[in-house]
Structures are given as C-alpha cells and as structure tokens.
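Each chain carries a letter (A, B, C, D, E and F) given by its place in the written order, and its residues are counted from 1.
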Amino acid sequence: MLRKEHFNAAHRLHNPEWNVEDNVRIFGKCNNPNFHGHNYDLIVRLSGEVDPKTGYVFDMKILSDLIKENVLDRFDHKNLNLDVEEFKTLNPSAENIAIVIYDILREKISNDYDLKITLFETERNYVEYPI
Amino acid sequence: MLRKEHFNAAHRLHNPEWNVEDNVRIFGKCNNPNFHGHNYDLIVRLSGEVDPKTGYVFDMKILSDLIKENVLDRFDHKNLNLDVEEFKTLNPSAENIAIVIYDILREKISNDYDLKITLFETERNYVEYPI
Amino acid sequence: MLRKEHFNAAHRLHNPEWNVEDNVRIFGKCNNPNFHGHNYDLIVRLSGEVDPKTGYVFDMKILSDLIKENVLDRFDHKNLNLDVEEFKTLNPSAENIAIVIYDILREKISNDYDLKITLFETERNYVEYPI
Amino acid sequence: MLRKEHFNAAHRLHNPEWNVEDNVRIFGKCNNPNFHGHNYDLIVRLSGEVDPKTGYVFDMKILSDLIKENVLDRFDHKNLNLDVEEFKTLNPSAENIAIVIYDILREKISNDYDLKITLFETERNYVEYPI
Amino acid sequence: MLRKEHFNAAHRLHNPEWNVEDNVRIFGKCNNPNFHGHNYDLIVRLSGEVDPKTGYVFDMKILSDLIKENVLDRFDHKNLNLDVEEFKTLNPSAENIAIVIYDILREKISNDYDLKITLFETERNYVEYPI
Amino acid sequence: MLRKEHFNAAHRLHNPEWNVEDNVRIFGKCNNPNFHGHNYDLIVRLSGEVDPKTGYVFDMKILSDLIKENVLDRFDHKNLNLDVEEFKTLNPSAENIAIVIYDILREKISNDYDLKITLFETERNYVEYPI
C-alpha cells in the first residue's frame, strides 16, 4: 500500500569539516550558502496482510494523517538545515532525508508492516530507503 | 516487462456485518450507498527469461490482449459491487481488486513468469500484489 | 493563476426521452444503469491583475478553499446523478460538469477575474469551459 | 512552439511595509524567514510563422540556450530573494517570477514572435503571463 | 473538447537544397541520415456548442475513431519521410507534422467546430497549430 | 539512488532467420523495413551504502555524466540497428536495449553498487533488468 505526498523545503549541502573549495567541488550548486529549494515528492510504502474485515492492508486516511503530522508539518515550507532538528548536524541530501523520514515513521507504525521510503528531489533524481 | 492499462469503475466499500455507524467511521466517504468511482491505472509486470529469437520476455500485444479480454472488458465502465461476480461478497478495496486481477491473470499466464500487479486508485493512493 | 484539484465520482449518461437502444448506441458503456466512475482532475484558472502588495493575482489558499467548499465537498465520493442536485435533470457529461462548476464558482468570484474550467474525465479525454 | 525547462530555488514571500502578523496572515508558511523552496517548471511559448526552409517556427536548440543563459543560470539553485537582482525589492511570488522571466526573454527575442510564460510552482499551483 | 493520442515514428530533418554542412549545422543530430524516432503525443481540441440532447460537444468515440483512421493508421510505427506521402517533399518538423494533421482532420470535421492541434515531440518540446 | 534520462532513436524488430510472413506475424508494425522510432525513458538505479562525508550513495552528477557519455551520446538521435554496434546482430527490443545498457554501465561502476535498469519504450510499455 503506497501513499504519495508532497512538501517544499530549502536546503544546502555542506560538510563543515571541508574547506570552501572542496565543498564547491563536491556539492556544486547545491553548496550555495543562501540555500536553494525543492518540491519533494514522498512515497511511503507499507507492506502487510490484507485485513479481511476491511479489505485494507492499512487505512489510507490514518497513514496520510501520520505522514502529515510527523513529516509534512515539520518539513513543509521549512529550511531543512535551519528549521529541522535532525539536519542541524546531518547533511540534508536526498538519501539522508529519506533515512530520517523512515526513522520517524518506523516508530509510529507496527512492525507487522514493512516500510519503504522513496523520495524524489526532482522528477529525475530520487532515492529509496531501505534498499 | 510491464504494461500499463486503465479502467473506470464505480464502487462502494461496505462490510454487511457492521452497523451503519461503524461502516461510516471506517470507510468514510467511500461508504456512500449511491457509489462513487475511480479511473484505475493498472500495471501488470511479468518477469522471465528473454527469448533469444524475438528479444522479448513476452509479447506486449499478447499481454495487452489478455488484460483487455480478462480484466478490462469485465471491469471497465462497470459498478464493481453490482456488475462483477468476484465483488458480490468481497469488499472492492484497492487491495482486493489487485488480488482479484492477480488471480484472473495468474491462470492465463505460464508459471515460467513471475507476475505482479500495481493498482492506482488515485495518483496518490496505490497498492501492489503480491508484496 | 491556475489551481489543480481532484475528485472521485460515479455517473451515468442517459437521456430519458430516448429508448434503451438509442441510449446504448449514443452513450455506449457510459449508459451502464449501475453507474461507473472517474477520478476527475479539475483545473480552475483565474485571470486578472497582479496585486502589487502581495505579488498575487489571487490568494491560492482562498481559491483552494472556495473550490473545496463549493465543489469538492459536494461532488467528491458522490454519485453525480443521485447525490448532486444539478444533475438530477442534466446529463453529467464532462461538458455539463464543467459548466456546472463554472456557474458555481462564477457566483463566488468577483467579475474582476476571468474564470476558466478544464475538466479531465480521464488522462486522455477532457473539456474546457468557456471555450 | 513550446519548451519546458526546470529550476530549483529558495524563496520567501514578505512585504516589508507590513508587520509580522500581517505577513504571516497573508503569506502563511511562505513567510518562513529561513526560506523554503520549489522545483519550478517553466514553459516558454513562442508563436510565429513557420520558416519554409527549416519547417521550424524557431530553432528549439537556440531557444533552449537562450533560456539556459538568461534564466536558468541566474535562477537555478539560487535563493531568489538574496541572489537574484530583480527580487531584492520585488516579492518572488509565482506571478512576479513569471513576469520577470517574460521581461528577460522578451528583450532577447524578436517581436515577430509572440511570447507567453507558464510557471508551475508546484504540480497543482501555476501561473501564466501575459494572460 | 480535447482528445490525447500517441504514435511512434522515425524521421529525419533535411533540406535537399542545402549542402551537408548546412544541414548538420541547422538540424544537428536530427539530420542523422539513418533516421531517429519519437513517441509523439497528439492533442486534438474541438470547440463548439454543447448538444443539449447528449451533453456532448462532440462524441469522444467518433473523434477518437476519426483520429485513428486518418492519422494514427497512417503515421504510427512509420518512417515519416519514406512512408507518409505528405512528407516526401515537406520536412517532418514538429511544426509541419502538426499542420499536416490539422489539414487532414479539418476536412473531416464540420466547420461548426474550431480545431486546434498540439503535438509533443518530446515531453519538453511541443508545438501548437493554429497559433 | 535513481536517475532518469531520455533518448530518441529509430529501430526495427526483425529476425533474419525467419521469412517475411513470420517477421510480420511476430513483430507486427515494429517490423516496418523503413524503421520507426521512440522517445525512450531510461531509469538507472544504483544501490549501496550512504557515504557519511557527503550524505550521497553516489554523486548524481557523476552518474548523469557516465550515462551521458556511455549511453546517450551513442544512442540518442541514432538508428539503433544501423548506428549502434551492439544491435548489428541483436534485435533492439526494449529487453535487449536494457541488457546492453546494463552491460555498458556495469563495467563503469564499482561492484560495491547494485545496478538496475528500467527502460520505457512508451509510457505504457516498459522493461526492467535484471529482474
């Protein structure tokens, strides 16, 4: 069962242990100190047994609300580096954002369900977690 | 090898063993007794060896015809609850529709091929079977 | 300024002044007496001057709320023929649905703005009103 | 003849003549002082006569290069408020970004061609200029 | 009323009055003498009055059949330069393909309807006719 | 980590060991001796560990350049049968194109990463390799 959601956020890729030249060489335009932004598309996939009483694996409305309260309300229209606790010391690459979202939702969803995150940074660049 | 098809149908989610309040609480607007509908997007995935004579895993035209005759002709522009035998006693949730389509096609396609169904109820809500 | 929204509904195309054969000949599978359904995509376009204080033509949130209250809450997860007043005597073709939505929103939005409706019945069939 | 391009940018909607409460009330989450961002989709439409020697209205490669040099290189992976001259005193709403892009390209393209800009801030919110 | 259709075709852009260098300079990779190809998306738009008996501007099935018989059956899975009469002496640019499709359909459709063609050569390059 | 790219190409499906009738029967319109074409969408998926210094599994720019130099520059705007060495004796079905792209990229990318190719011949027909 998969649910697709959207959020907008600003970010900057930067490794404080490197000098300016190395940051620019590795992160290119994504190192812009003034930040830039994305419309992220998020797909949350839950796998499990179909409940014979409802015909659902999981209630889509409940899943949508869980994502809204725990992810969208904290990430949408935010600066990931400045406004979101998890990225104060972690580089907000697409890979790390997917892992953070996985960790947030994994706590809220019973282990009877497998959980997988797909995060589109653009229509052409995206990541999956876990692999 | 994957093939994407479409069909339109009406449905209603309802568990006859529950009272009205429980049906509304669990199924929400999907419990509307007058039915509502969807444009379903269906992805059928066949996995197997490439035939060296054709370069095909499976002939896309034959797969498309199989889906048309066995699924689309029975589901498209229908009321799933009233017009489709399998849903007279089974709740036509996205999950159950995907399972029914899987069972229909599994009979028609040699076990040399793995089969997987993805069904989009909307652009944002979709299911896969088997997991 | 354009806003895209979605709703799901069941409908049936039928002209009560015609006999069964003519209804089937003209409306085909859309004449199914048990109804069938669609995920409609709705695009509402407002044209007007940019307000220099906000940089907006119209506040997207206000437009989205107007559409939600006046269109989506009345049409989404409904049977258009049975549940929506306007279609009790009007055939719910895509063209007529677009006209009804136009008339509903035209009343709520100042004539300082031009208004145009695009309604997708499927990804491949859609209508615009006014032309 | 239409060409679709993409860019990512951060922005903040803010009117310095208003107090904090009014800015939050009008611009909502878009007023976040730390900025947020979007993947903008840009459609540039040129209308004119078909050149009988080439069969082109305008060379798509030349148009694509014009957009790249004059718009994408200046806007992509940037903070519109801080990094782009035109938005230092102009609110970077979708409407104003479309007007600025129109003005930039209008100077570079002969008046033999009509020019129209469509800018998607998200898949569901977009603007056109001129109307 | 709009209908979206698809066809695949090979083509080559070439002006026989020019030398090799000029053809390569102007048409670039599209001048490859061995041809290359596209999945074309075609949108046909008919504008007119809504028929009060049907609620239709035009019957979508009839329009779809008209396009199939007069355009898709002649262009789909063809080499436009070699297999399609109209392009034996006319360069099959997107602009010219759109004009040829317009001329073909204009003959088949009553002048009570306005007709407009949109042709996508790729998702990012497309043309409209008439302007 | 996934990267989506595009290329246009002409091809013809043909088995030289069969007679004309068998080739037409099996490959249908794809056997047109004058070739036809497609806009192929290519998705390259790399799976591996996240590098803690960058937050990347693999640098998207490096992957994009690898695909460009080794696949797009050789396939885009080409006739696969005539211009691309690998298909001089191999039928350029979607399955075989995906396998050839896999083999080309597998050589260039460390075995620390799993590699998977998805190739869309059209929006509705696509293949994956390896399964």
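What we mean here is this: a residue touches a chain if its C-beta (ideal position, glycine included) is under 8 Å from a C-beta of that chain, and two chains touch if they have at least 3 such contacts.
Predicted model, so just to flag it, every value in this text is computed and none were measured.
Enquirer: Steps needed, at minimum, to get from subunit A to subunit F via touching chains?
Expert: Steps on the shortest route: 1.
Enquirer: By the touch criterion stated at the start, how many steps lie between subunit B and subunit D on the shortest route?
Expert: Contact-graph shortest path, subunit B to subunit D, evaluates to 2.
Enquirer: Tell me, please, which chain's centre (mean of its C-alpha atoms) is farthest from the centre of subunit B?
Expert: It is D whose centre lies farthest from that of subunit B.
Enquirer: Which one of the chains is farthest from subunit A, going by Cα centres?
Expert: Using the mean of the C-alpha atoms as each chain's centre, the farthest one from subunit A is E.
Enquirer: So, what's the distance in Å between the C-alpha centres of subunit B and subunit A?
Expert: From the centre of subunit A to the centre of subunit B is 29 Å.
Enquirer: Distance-wise, how many Å sit between the C-alpha centres of subunit C and subunit F, to the nearest whole number?
Expert: The computed centroid separation for subunit C versus subunit F comes out at 41 Å.
Enquirer: Can you give the whole-Å distance between the Cα centres of subunit D and subunit F?
Expert: The mean C-alpha positions of subunit D and subunit F differ by 34 Å.
Enquirer: For subunit C, which residues are shared contacts with two or more other chains?
Expert: 28, 123 - these are the residues of subunit C that touch more than one other chain.
Enquirer: Any two chains that touch count here, so list every such pair.
Expert: In this structure, the chains touch in these pairs: A-B, A-D, A-F, B-C, B-F, C-D, C-E, D-E, E-F.
Enquirer: Going by the contact rule set out above, which residues of subunit C touch subunit E in the complex?
Expert: 13, 15, 17, 26-28, 90-96, 99, 123-128, 131
Enquirer: In the complex formed with subunit D, which residues of subunit A make contact?
Expert: 6, 8-11, 28-30, 32, 34-39, 76-79, 82-83, 122-123
Enquirer: List the residues on subunit D that touch subunit E in their complex, please.
Expert: Result: residues 1-5, 45, 47-48, 50, 53-57, 59-61, 114 of subunit D touch subunit E.
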